[in-house]
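Pasting in a structure now, in structure tokens, and then I'll have a few things to ask.
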């Protein structure tokens, strides 16, 4: 089945080309068929190849198909090769399956938009670049996918280009991710000069022999790759662009800013895990960043009133969990949480999209309410999604993935109690803001009437996704519940085992604690926002809480910080130098020569006696020179 | 024999267009178009025919050589020869020439004959520069390329075209004359050493010069090429010349005239003064990096569209300097790629700026906005080429910039890190350009027509070539390899310690 | 005067004879047309007479003259330029208030003076040639008595010329006092041995330099140039710019080679200072000049500076460089002033730069000729000026005069600016439909444009294939 | 009896005359007086020539003097003709109102 591998990225690429070249003249129906069809075709191929990969796993553990040699200079010869192994199989399954559902959803959701074909073209291009990113066998091809994904997120965030703030949000996203990409590019240079090649399998094989653990080169390379990952996955220093990226249509937020693109950083670190293992300090940094981000994002989500921004902050916090897991060395747990998170976050975004569409583009949760019985399907799917987000014990898949991370935060080799405590608090806050969201949107009095009921094409994807959010978790059960570790065994072909501390025991007590945090969060949110809303009013009135509230609302002030520290000085510096200070030198030279001209033309005064004087002075000078020399 | 024939074709075509232009208004366009197409086809067939020879890896990189005495008393001969690099740049010259004629189809209305005369004579001068192997002849063509460009900017330019034309001419002329003195000094030193008075490049290659004088000679050459390839302190003529020139003029200016500077350094400065070049490589690379960042910051603050694009090419040419003085094969291949891809991407942006000027009669981006609604095709192509200019992988510029940075990383790490930071600035100005011109509220003014068939053809050709260079640059790399192998003999140490 | 003396001096005798012949024709009241034709014929005859001079050169006519290859070349150049000035001035004098009959007589006399200078080998012949040339020019400059500018230029030139020839004479007297002989070849014998110049001879040479400097219009003595060029009638200006400078430079070369002044440090420093000053000040003065004739005057000062740069090194290449550049400078200046003559109307000459607006679209041929001439003056390739500048730089750099070469380069850039300013006005502006009516004499208009196109083709031919002229100069070289 | 007048004294006289001539040309405003002082300068150089001729005992000096006289005469005649025209146009011989061409 190896030779079919190229079909997976080729279908969306074909979709993109057809739609861009002839999109304008095609009727919308055709556009939808091609747009959604191509991605579903790719999903079907993925499933076929996946099944074949699972049933008869190839001896070397990976399929690879070389299309052509990209370039060949001296001894740098990257090839365009697609490389499928367990890790990338999981990713392409998630991308194509959820991508297909989202495309199906957006056929109805974007039906009334005038740039219908442009939307599907960009979505197909995105799926293509994401697949390329995941299937790349060398870092250069990975970088190609990496930047392609950044481009598509720029195009899609700024999809409704009439409002210039969408354009600015798109530009902000691209530039911040670009900073990360530059760091990654420098990382690629370092790797090339250390290993002499960019082929990932060779790098991973040679790394342990080249560097001893904790070597400075390993740390530098890991840091650079981490910076690239942080930029793309909107982690701590670079997280300000994701909330603004909600300016794009909801399917875009669902596909790009929840399921796939933002987890590219996770994929990169998982793929290059050998380098990260060689530098424990960087692993600790990764864990630390993950923990800090989940904590900050959690609190910011608590204070948002825009439905999609809450989900955006929640995405940042959930990816924080994945980074935490990666930092701890729990590779398979991170990937598992990625898969589960992709399902329920896509579901939440699509449901949110349906709600916003129904209330005629009303984003503000305070104006929603009482939609429980008006949009039953959307309500139930939203609740299932939130349950999984909250990690409701036993029934929701979120529990299995997040609980694993919590357990490893405590038990794994480089886990420590502080990390566990932050993760535990994070779980509590997640429960808090999720329930607040559900209550504010679905319970209480209906403030705005429902204009449109979502059609069948919107509800079917929601239901499928809801089904998966429930049962996807069962393929990886913790030890004390029947220890079914299908998922991690499958991934152990590529990623190493998670090493536990020798004294690690009592997993059940930690699960109990996690469940306690979840229920506590639900209850407090129920009290605060449903039972006694006046308590919130009282809290808001006193000074300190209001200040804290606005601080959290503005994403812990990072936006403001960047604006004053970086953006404003650069803009000011550029504008004062608008017409190029270097040009002044040349204008100076012209002024000097014109001045010389003026005083010389003054000597041409026209009077004969002046000329004779000139002649005599000249004579004196010449005779003087002759006599002196 | 094809070399003489190419230059003769261009000059003859120019004269014919000028004469015909006196009484017939439309014929000159066709004449110049056909001359360029013939020349282009001839070059392509020559390339295909010689491509096999290159791949065998023959050590001698010179494909064809033509020598004929011109002023025997001074040892000046009409000596033309091309190798991989010159062939590539020649094809670029004819390719952009065709596009220049096509994009000025409707834009230029009066004095058509003289316009095409100038156009073809610039191209003749440029192809002469790329072929000349006699230093006197090289300077001869170096000057010939100036006058028609001066007329092109001075007569068909926009508002303050005289100022721009003067500035362009005098900048290049001063530096050219300094180079002329270095050529003469080299000529006399060679004559003293060997007693033979000749300007032949191959004989002058080996002259032994005292380091002190060699430095001054190299500075003479370097200043001429630094002005042409705008290195930061000498770049202030570029934005004026670009913003005032007609579309075809700025296309040729950006696409070809900047490349003559880079070609000059590769052909004359490095082989003639290898030791001095090595000692002064770090500060040259520093100039390159300054160019990248300074050009990007300036591009960011411009409001005139063509000036903005002009400053972006200052930034891109900073990469070229960085690559040249890194002295290894990766960087040299990156430089050759950058010359081609920068010509295509900046050329396309200039053509679109010209089209916008034709439709909106203004170059100020503050007055534009929301044009995507009326011109979706142009919007899409503009985004593509803006992405090319910020170095999106999959397009030509990325391959070039990546190779340059990879090559330069080995020779000077910290400068390359600074240069990579320049990539962020390139993203900032490109996206600001797209945002200001195509996004934002849709204007109520009269509907603007999208691409006509001619413009679609131009843009399609450019898009295909930039994507082809991005995904499969191997033919270009193979053609340039023999020339770079020769460079290896000059800088064995830098080439040797590959990873 | 034995027979071969006669044949050796044939061109000079012919010129003198034709001056007398023209006077007789005027006396017999011949109409203007026949005088013009006869003057043309006589000029052509005297030009052809050069070719019949037999070969045992150098032929010394004791003590005053020497006819050698170099002098033949200079005589040829001078007579050729006067021929061109003669042809061009036909159109100029059509319909003017002064009848131009006496003009041709003066023209012949001045050419005779120039040729005498070219062959002179003695102080007396130098003085004679110089004065014949200068006094002839007084009348030529002030030819149109009724016009203020002519008279003003005439009187200025007269007083300054007399003033400087007094200096010349006093210098010659001191040198004669020191050496005891006035013959150049005798002087080589006297000065050959001593290493440093005696002081009296030095001051004498300095004073003589002032006289020669005035005629060459180099910097300390350049102030009269602009006013006289502007005031004099345009053909006379072109005559002054070419013949008077050429002749004086020829005699300076012969004299300097005779006393071998290149080895004396003091003389060289003076020349270097003069050269640099005239290059810089000449170009700077012309920077924003509105009047084209004054602009060309200042640019001729700068060109003399370039000539001195070629002359100063005194190596094997400098004399051919000087003669090459003189030839190129003559042809280009004649073309430039020729265009001014053709375009100038009855009342006022074509002076102000704005009258050149959109000339390219009205008279494309004339504009092409004028821009070729200007580009050649600026030294742009494809024109003779470039090869001239190359030759000068080559001779300058051969003996390592770096400073001179750099000053030449930088000052020639200023030159570029003001030449381009003129070319720019040629092309700017709209084509005014009613271009002036056909000139009064289409025949002369045609002749002059033919002559000028021939000169332009000559410029381009030398620019593209210069080795023809170079061989000619190699052949006619001072031995 | 040849009274011994040393050559230096004569040259000194000639130089003195020459300088006075120069001063005359610079100071005087009337054109005729300028011509006159130029004559003085020419005669000074003539004297120098005669002195040099006698110093070497050759007739060349005097021959040169005769040429100088002839040249001076020719030059003055043309000068006076011009002065007539100037007077006719400007009604005054002051050199300072001949200043139209400048710059």
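Each chain carries a letter (A, B, C and D) given by its place in the written order, and its residues are counted from 1.
Rule of thumb we're sticking to: contacts are C-beta pairs under 8 Å (C-beta built on N, C-alpha and C of every residue); 3 or more make two chains touch, one makes a residue touch a chain.
These are the chains along with the protein names UniProt gives them: A = NADH dehydrogenase subunit L; B = NADH dehydrogenase subunit M; C = NADH-quinone oxidoreductase subunit N; D = NADH-quinone oxidoreductase subunit K.
Values in this document were obtained by computation on a predicted structure and should not be read as measured data.
Student: In terms of C-beta pairs in contact, which of C-D and A-C ranks higher?
Tutor: C-D
Student: Round to the nearest whole Å and give the separation of the Cα centres of chain C and chain D.
Tutor: 27
Student: In whole angstrom, what separates the CA-based centres of chain B and chain D?
Tutor: Centre-to-centre distance between chain B and chain D: 66 Å.
Student: How many angstrom lie between the CA centroids of chain A and chain C, rounded to a whole number?
Tutor: Chain centres of chain A and chain C, defined by C-alpha means, are spaced 80 Å apart.
Student: Could you give the separation in Å between the centres of chain A and chain B, each centre being the mean of its C-alpha atoms?
Tutor: About 38 Å, centre to centre.
Student: Quick check: what residues of chain C touch more than one other chain, meaning two or more?
Tutor: As it turns out, chain C has residues touching two or more other chains at 155-156, 159, 163, 226-227, 289.
Student: Give me the residue numbers in chain D that touch at least two other chains, ranges are fine.
Tutor: In chain D, 25, 98, 100-103 touch at least two other chains.
Student: Multi-chain contacts in chain A: which residues touch at least two other chains?
Tutor: Only 601, 604, 606, 608, 612 qualify.
Student: Among the chains present, which pairs are found to touch?
Tutor: The list of touching pairs comes to A-B, A-C, A-D, B-C, C-D.
Student: Give every residue of chain A touching chain D within the complex, in rising order.
Tutor: Residue list for chain A touching chain D: 601, 604-609, 612-613, 616.
Student: Touching residues of chain C toward chain A in the complex: what are they?
Tutor: Touching chain A from chain C are residues 155-156, 159-160, 163-164, 167, 199, 202-203, 205-207, 209-210, 213-214, 219-221, 223-224, 226-227, 265-267, 269-270, 273-274, 281, 284-285, 287-289, 414.
Student: Residue numbers of chain D touching chain C in their complex, please.
Tutor: So the residues of chain D in touch with chain C come to 7, 11, 14-15, 18, 21, 25, 31, 34-35, 38, 41-42, 44-46, 48-49, 51-53, 55-56, 58, 60-61, 63-64, 67-68, 71, 74-75, 78-79, 82-83, 85-86, 89, 98, 100-103.
Student: Inside the complex, what are the residues of chain D that reach chain A?
Tutor: Touching chain A from chain D are residues 22, 25-26, 29, 95-96, 98-103.
Student: Which residues of chain A touch chain B once you look at their complex with the stated criterion?
Tutor: 20, 24, 68-76, 80, 118, 140, 143-144, 146-148, 151, 154-155, 158, 161-164, 166-168, 170-171, 174-175, 178-179, 182, 185-186, 189, 192-194, 196, 570, 573-575, 577-578, 580, 582-583, 585-586
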